[in-house]
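Below are two complexes that have chain A in common, paired first with chain B and then with chain C.
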Partner chain A sequence: MRRRRRRGDDAQAVLETALVIPILLFLVCNFIAVMVQVTVQEQLNSATALAAQSRFQAPENAIDPSGTRCCGAPGMSLATAGLPTGCRYAAETFYGTMTTYTGLLHWLRATLCTSGGDSGNAAIPPMQPVAYAGSPSNAEVSCDIGSIKPGGTVIPGYVDRALNPPAGLNVVTCSASASLDFADTPLAWGVFWTPTLHAQAEALPPPFRQ
Partner chain B sequence: MGGEFEGVVRPRRMRRSRRGQALVEFAVVLPLFLFCLLGALDAGLWAVQTSAEVSAVEQAAMVASSAGSSPTSETAPDAHAVLTSISGRLRSALFGTTIKSWCTTNASGDCAPDATQRCPTTPAEVQDVDGPRVVVVCVSEADPPACATPPPGQVAPYPPGCEDSPMITVRVVGFVASFVPPGFGPGASGFELPANISATTHTLRFAP
Partner chain C sequence: MTLRRSREARGRQRGQTLVVFALAFTLFLFSLTCLVADAAALYVWSGRVQTAAQLGAQSGADAVDPRYLYNATGACPHGAPGVCAVSIVDVSEQDRSGALYAFQRACIEAADQSAEVPVDAANPLVLKSADDPQVPDGTWCASDGCHVYAKISRVVQLPIPFPGFPETITVRGTGYAAPVAGTNVATSTCTGIAWVPAPPPR
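Let's look at the complex of A and B:
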């Protein structure tokens, strides 16, 4: 009877350990995953803000010539060759900054896609951002140009030279969304969710430009 | 007789074996508990420090890229100047870590202009030069290729991007101190936290 009780106690201890250790590891994995998510979100915010700002780093006459549409042609590489200068600057800045933790996490890369154009007289309706053809559906980055009315209302999607002479462009809004995949990391053992991250940033022209 | 003997001795033995079992359980659980506790604390610390590094690098990139946009300066600032602009933000988060600028200093203590100067790409590279628990701030500038006459069938500017403004990269890289004191990890830098954050953008040039 006593031997049976002792064996029962031992079995209970083993069972308790077998239950507690996976739960503990599960909690630790998820805690680390949340920390990683926070960190990558910070990185995404930063890359998006710099991308928006960098559209103004291009020479003023190189930004958004008439009919600008920054979405690349199907099959175009991330080198962004052939894009208008302002769009290319934004793309190069975004991908140049969004470089860390890509090995640790299965970061779904996308290319930059920008819509908009120079209406010249505001007659052409705003264009909506269009996803780059080669972009994974859950990882898109877009930078939208826009004009600001005197009251402060942002008109997204096009440059209005009549409203904002002489350049027309006076606000850039970049946004990026992506999903993090922990499948290729040891965290995959206890992390069963795929967080979706989103960042948005606006930039206004600096006082001095080339 | 045998029954009495059993009745007296077995509970004592059982008590002793239970005490032994508790000790073994404690010896197994304590390292696991400490591992989880320090792991969670270090993960939290890593997130806080990385967040500070990311925002500092973003600010540094903006400072470095717009240095030439003011009428009083025409070139990108050196690593000393960039570090000065972000040191307050970094020092409050990276406690126990030395923060330095990565450059060759000249006689007056400023960063010597050196076109071949390159940023370290891994925390280990910094540790080899400056030792453990040191983070460096590095600024590097990449100029576009020189423009040339386009060959037949190509359009100017050639090669593409030759008229671009230089690209500037600010990098914060090194090993950061963690909650686990030195000597308790496997090796000198066993539980130090690696930091390697960079931001890249085009420079803005002033034009009157």
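Let's look at the complex of A and C:
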């Protein structure tokens, strides 16, 4: 009689464990996934902010000479010849900063260098930036950057109308978007969501370097 | 009779243990939740503030007049006759509004915005700018003549404050950056001579 009861207890314990362990594993997987998502989002914010700021470290009005290439995923570096050097600096900074968990990211690729965007206000409609001629369209980061062509033609950057109202201020903006996919990791067992992460940063032109 | 009493006493004890265990376990779980949530928030904020300090320092370094680094001369301010040494101090009317140098304004502006330092803790959407007092949290920027330093203090509200402990913790970050000249060939090296006559007031 006692032996039969002990066997019943054992069976109950096994059943309880079998029910609890998957739930615990599911929770642990999702905790780790949230942690990874927060880390990647912070890294993306930093990378876009530093990329926008690094535009001002390029030599004034410099244009990349022919044959210049930079960064990018292995085997698909970006050709930046004829583009503002500040644009390449921004890309190099972005790719150099995004170093961890990049294998989990599916990038929403965009044009590397654009110009002429406008945030708009009550009187002026917002305007989308246009791509620089010859700018790579498969970059992981996109920057709206003003420049001056060798002939002296001014190419405007992004006008943020919230600054210096009502005229706005010509600033540099960089943005990047990617979806975080856990499908190729053991976490896929318990993580069923694929969040899309986005970061946008703006750098104000310093008074002596514009 | 004695056996019955003893059985009743044991039953009462078992009930008491259950209550004590339930209370202790609840407290333990609550503490654990507080610890995990607060540690996670502080981890995120410490990273964010450190990045903001780095960005602020870089922004400040980019706002240094490169001509000043090369001991260049140019037109004197306010239309005065002659040739003057290029000054690091703010030259435009827009930048002159305030007691800060151009590099400090750029540094503080970028760091405050990046670390999301609010003007008023009750309204976290309105962020500080260079003209706002940088206390109790905010950014301090200075230079030793070779680098721009940025120090940020950010008061972080803990998501689940533990009863009896502070509800906020100040997170700090420090960054430094050297200015880039902006020409193809550098004509001078950093001497360590301070750009500013005295450290700015804290």
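Worth a mention:
Simple rule for what comes next: the second predicted complex is superposed on the first by the 110 of 210 C-alpha atoms of A that agree within 3 Å, B and C clash if a C-alpha of one lies under 4 Å from a C-alpha of the other, contacts with A are read in each partner's own complex, and residues count from 1 in each chain.
Please note the rule applied: contacts are C-beta pairs under 8 Å (C-beta built on N, C-alpha and C of every residue); 3 or more make two chains touch, one makes a residue touch a chain.
Computed from a predicted structure; not experimentally measured.
When both complexes are superposed on chain A, chain B and chain C occupy overlapping space and clash.
Legend: residue contacts after superposition of the two complexes on their common chain; A:30 is shown touching neither chain B nor chain C. By the touch criterion defined above, A:53 reaches both chain B and chain C. Judged by the touch definition given at the top, the superposed model places A:203 against chain C, while chain B stays out of reach. In the superposed model, B is the one of chain B and chain C that contacts more residues of chain A.
By the document's definition of touching, both partners, chain B and chain C, reach A:42. Clashing C-alpha atoms between chain C and chain B appear in just one of the listed stretches 21-29, 39-47, 93-101 or 129-137, and that stretch is 39-47.
Residues 35, 38, 42, 45-46, 49-50, 53-54, 56-59, 206-209 of chain A lie in contact with chain B in one complex and with chain C in the other. Every residue of chain A that touches chain B in the complex is listed here, in rising order: 2, 6, 13, 17, 21, 24, 28, 31-32, 35-36, 38-39, 42-43, 45-47, 49-50, 53-54, 56-59, 81-82, 85, 88-89, 92-93, 96-97, 99-100, 206-210. The touching residues of chain B, counted against chain A in their complex, run 10, 14, 21, 25, 28, 32, 36, 39-40, 43-44, 46-47, 50-51, 54-55, 57-58, 61-62, 65-66, 69-71, 160-161, 163-165, 167, 169, 196-207.
Remark: chain C residues 40, 44, 47-48, 51, 54-55, 58-59, 62-67, 90-92, 95, 102, 106, 109-110, 114, 180, 182-184 touch chain A in the complex. Residues of chain A touching chain C in their complex: 35, 38, 42, 45-46, 49-50, 53-54, 56-60, 62, 203-204, 206-209.
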